[in-house]
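To keep things simple, chains are lettered A, B, C, D and E as they appear, and every chain counts its residues starting from 1.
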Amino acid sequence: MRFLETFFNGQVILNYLPDLVHAMGVTLGLAAATIVTGILCGAALACLRVAGLKVVNFFIIVFADIMRALPPLVLIMILFFGMSSLGLNLSGWTVIYIVLSLVLAAFSEEIFWGGLTSIPAGQWEAGRATGLSRAQTLFHITFPQAARRGIPPLVNRVLATTKLTALGSVIGVKEILSVSSSAQSFSGSATPLTMAAIAYLIIFIPAVILSHWIERRYHFAT
Amino acid sequence: MDTFIQTFFNIDIMMQAFPLLMKGAVMTLKLCAVVILCGLTGGLMLALAALSPRRFLRWSAIGFIDLFRALPPLVLLVFVYSGLPFAGIRLAPFWAVVIAFFLNNSAYFAEVFRAGINAVPKGQTEAARATGLSGPQTLIHVVLPQAIRNVLPDLLSNTVEVVKLTSLASVVSLSELLYNANMARSVTYNSSPLVLAAGMYLVLLWPLVRVVSRYQRGLSSSH
Amino acid sequence: ETPGEIAPIKEGGYSVALDGTFAPHAFPSLDGTIQGFNVDLAAAIGKKLGVPVKVTAAQFSGLIPALQAGTYDFLVAPTTVTEERAQNLLFTEGFMDTNFRFVVPKGSDEAKYTSLEDFKGKTIAVNKGSVYERFLEGKADEMGWKVVSFGTNTDAIQAVTSGRADANMAGATVSAWAVKKNPQIELSYEYPTGLVWGLPFRKDDAATRNLVDSVLECLKTDGTMAALSEKWFSVTPAKGSTLITPTPGYGTPGFDGYDPTEHEITCKF
Amino acid sequence: MLEIAGLEKSFGEVQVLKSIDLKVQEGELVFVIGPSGSGKSTMLRCCNRLEEPTSGSIFIDGQRITDIPHRDLDRMRLKVGMVFQGFNLYPQMSVLKNVMLAQVKALKRSKAEAEARALEMLDQVGLKHKAGAMPAELSGGQQQRVAIARALALDPQVMLFDEPTSALDPELVGSVLKVMKGLREKGMTMLVVSHEMQFAREAADRVVFMDQGYVAEQGTPEEIFGAPKSERLKTFLSRVSHGDVEAEAD
Amino acid sequence: MLEIAGLEKSFGEVQVLKSIDLKVQEGELVFVIGPSGSGKSTMLRCCNRLEEPTSGSIFIDGQRITDIPHRDLDRMRLKVGMVFQGFNLYPQMSVLKNVMLAQVKALKRSKAEAEARALEMLDQVGLKHKAGAMPAELSGGQQQRVAIARALALDPQVMLFDEPTSALDPELVGSVLKVMKGLREKGMTMLVVSHEMQFAREAADRVVFMDQGYVAEQGTPEEIFGAPKSERLKTFLSRVSHGDVEAEAD
């Protein structure tokens, strides 16, 4: 029964539960802010790309490439320490929020753009032929379709990116993983790790179920 | 500005750290090779199970996928490495990483494959079955090639993520690229090794990322 | 288990682990091998026992679960003995004192501080999950300082050099090393704690703990510890300091898991 | 009502339309037939500038639309209703929303007004009861009728049809043609690309035969079907009407 | 050659086929017509067990295929060639590979043998020169002929066609019908669901009219088209031939 004592020590659970509940709040807040910002920025960039301005598109592509290829930890370090040696002090929370939003924006831009390019030309033409402007056609007709096509990969990305909030532990953001590894070290017990796992499940299992629902809800026959 | 360059772009320190980082990069590559292969295979199997007409199989697969997409890979890794010994299974660090990432990645890859297979018209399967191809033959020769083409960008995106994820392996003492960069950083009290590591990741991943975008452009022009 | 029981020496030797980013106790050389006081300490233990001791470096989050799982026989990371930890782990006697020391930017006013009170209102960077974090957090209301914690002490020091924090607090040896290696910072006030660093074992493995405890006693008396201290800290230990003074019984007195059984100090195992 | 004068259109090197002249009077139903690749769709698409003509002019209701600046295109397009072979209903919106969208966004009608008009048009194509359905739940013929209602709801002055029935099962064709006949009786001006010869015979005022980017022959249905002059038209007609005689040119 | 006896098929509660009896003699070309939803496709799909019949028997060449165990289905299906409305060529393979795949994987022919046979069949449908092309590069008519070649290459004893021309542009229909005519002359047994009445008149040995899951009427083309007995058939024929008269039943 050393297993139980190691991973489910009641005393340790009681000691660190309040901290961990608080950390869940931080993780949730961070994740929610990241999702909203990341997806909105990604959508905006994809739409901007539709305009077909060469220079703008070049920068969007470079942005998306770099954000997707770089490990976010490196971005976090540079933004957190590098910016403050340039005199700009961002809080740990803000840095994580900015970096993860940028990463999610890069991925979702690519997903939305992929979706947009797969919309049949006829949909654009139908919109334009009924006197809708380009922007109106994009906004009301093609983008909603692209977004729906993008839901499964987007859900994957959103889950993966929000779990990266765990990187907050590196720069002192008191999210779940940070608090649980502190607790692990303070207590000399592995139990806080179990608590972290459960905390993540409590947050993400409903998220996954919600995503299934969204997928079904917005699936339409074409 | 000067401190900024000193802390992040110190060429001398980068040169010193380079051999250590190269070692890490080799470990990262080794891990990736195994982990990606396992993830892809596992993901495919899971996707097939999740699309199976058999209820039990289908629901088990979906449950598996959802569970492991919800668990952070770090936690998973520690559990595999330190939890399994309680069940009498002691794994070498390398294999612990492989198993933990297999569980995590195959769940993600499964979702990608599932979307791809769903997008292949039913008529393709029917045409193949009508010409006497067996179920597995139909899958291998007709459905999968199309499914993979449908979701190639997502597959590659996911692969990029997996490469980045291997940096967790240091938890179980596998010194991969990022951990070695951190070690170098702790010796030199300077962040340049980290920037160098970032550069190496870029070299490793940029081609992959480019291929994704190129492929998407290809798709759009064929529409 | 019977008090005072000493385990036989393990045939194939011992597997031990530490966090490899903790200079001067354990840190990499740029060719990838791990070095430092605690690495040498592990080797010295092995030498006395006449069996190999395999040292693995890993991220801290993985150490304790792996110890509990039996992957490692014990940890050689310098671990401050605290009451809470002693409830989940067994400790050897302290192998050295651990005082806390502030590190501040070179030439700053903080360099001249001489008490905790002087740091009132400052931002102090610290390694997450360390006893220093605990300590600072515990006194935060009283002292009115702000604590920011980081994944590693290296990051915490970088927070000082990049101006994100006014000071860093760590173990005295660690701080001294950092200052030696890093021209941007200097040492400040050292706070005597009365706490010690010990080596953690599984709760149910008292016999091995007792064995290693006796080895430590031997190393303290035969001059090995003093030599290591000179090598890594450039400090000759003062008479009566824990580094060269064996503690009676097994474990750290006053903490859970202490076994007061009296025994001879010997170097024969 | 609709006048095309000297219209030319090239895609890169390839000239697809080589000087087209064509007039459609108010209330007239003009049929365009011709082999695949002869430029029928391209000509139609030039009429609301979905394609930019290379040269030549197009007038709608006396207004020259070929030199309207881009920012005014949307307004011009409202005057021209267009129905495509592929229906192109918006799959994510209900039938009613499909018909309302451009009314609200482009014509700036109020929602209530747009809805009333949409229901009226859906009624006209016999699909009022399907207003709440999603496009995927409709048969092809029903989808095409919704597409027609969508165009009509904007009160266009001309309707352009590009093979409106060619993606439909034979049984479903009738309902679409019936709607078109109804429009004709109401005096709508229509330019129709289609291979429904039977329908052309019955309903068209004039039939235009296009070949290789030219208007090769035109006249009343009787003239075109009864007494084709050019060899090319004769071959074409025989191919289309008895689908069985000749192999497609590969 | 093909015999259907008492075939019934339900999807859940809905009975789609209600006792079908039908015989196709060796070398005969039988046409199946009938309104949408009458069960034509379902009947065809039962003949190679793409759908599982609910009850009744189907015999091919004297062998009862309705009780063949699942593991032997693949072998049975080789005897029945099937051509779909949607062609369903494999887009990722060249035309040649499309025709070779099942030969190699299901019939276990050698590659060389399969290739020779594939080229022969492509020649028969007039597309030998397109062997290296990808399906997307072909017109619909060409794609459908490749689909026919793909089925023929397996030397089936019966060919089933489900609306083989209904997704094609009118000009492209001819080439496919020509191939089918060629097959008939070679003595292939064929069961064809199609609305190409003209072709049925010329080529069919027998025409079967299905309605609401029954075979409602059958006979020679002259009988069916010239002297339809049931009201339902009369209405159906008038609808299909003059696409303009009646609205589709919604």
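Structure notes:
In the analysis below, a residue touches a chain if its C-beta (ideal position, glycine included) is under 8 Å from a C-beta of that chain, and two chains touch if they have at least 3 such contacts.
In UniProt terms the chains read A, B = ABC transporter permease subunit; D, E = ATP-binding cassette domain-containing protein.
These numbers were taken from a predicted model, which means no experiment stands behind them.
Path length between subunit C and subunit D in the chain contact graph, taken as the least number of steps between touching chains: 2. The minimal number of chain-to-chain contact steps leading from subunit A to subunit C is 1. Using the contact threshold fixed earlier, the set of chains in contact with both subunit B and subunit C is A.
Looking at which two chains touch through the most C-beta pairs, you get A-B. Taking the mean of the C-alpha atoms as each chain's centre, subunit A and subunit D sit 46 Å apart.
Averaged C-alpha coordinates give centres for subunit B and subunit D that are 51 Å from one another.
Taking each chain's centre as the average of its CA atoms, subunit D and subunit E sit 33 Å apart.
Of all residues in subunit E, none touches 2 or more other chains. Across the assembly, subunit A contributes residues 2, 6-7, 81-82, 85, 120, 190, 193 that each touch 2 or more other chains. Taken residue by residue, subunit B touches two or more other chains at 3, 7, 74, 78-79, 82-83, 86, 191, whereas all remaining positions touch fewer.
Of all residues in subunit B, those touching subunit E in their complex are 121, 123-124, 126-134, 137, 141-142, 145-146, 149, 222. Those residues of subunit E whose C-beta lies close enough to touch subunit B in the complex are 48, 50, 74-75, 77-78, 80-82, 84, 86, 88-92, 101-102, 105-107, 136, 147, 150-151, 154.
Considering their complex, residues 120, 122-123, 125-133, 136, 140-141, 144-145, 148, 218, 220-222 of subunit A touch subunit D.
Against subunit B, in their complex, subunit A makes its touches with residues 2-3, 6-7, 61, 64-66, 68-74, 77-78, 81-82, 85-86, 107, 110-111, 113-114, 117-118, 120-121, 152-153, 155-157, 159-160, 163, 166, 177, 190, 193, 196-197, 200-201, 203-205, 207-209, 212.
The residues of subunit B lying in touch with subunit A in their complex are 1, 3-4, 7-8, 66-67, 69-76, 78-79, 82-83, 86, 108, 111-112, 114-115, 151, 153-154, 157-158, 160-161, 164, 167, 178, 191, 194-195, 197-198, 201-202, 205-206, 208-210, 212-213, 216-217, 219-220, 223.
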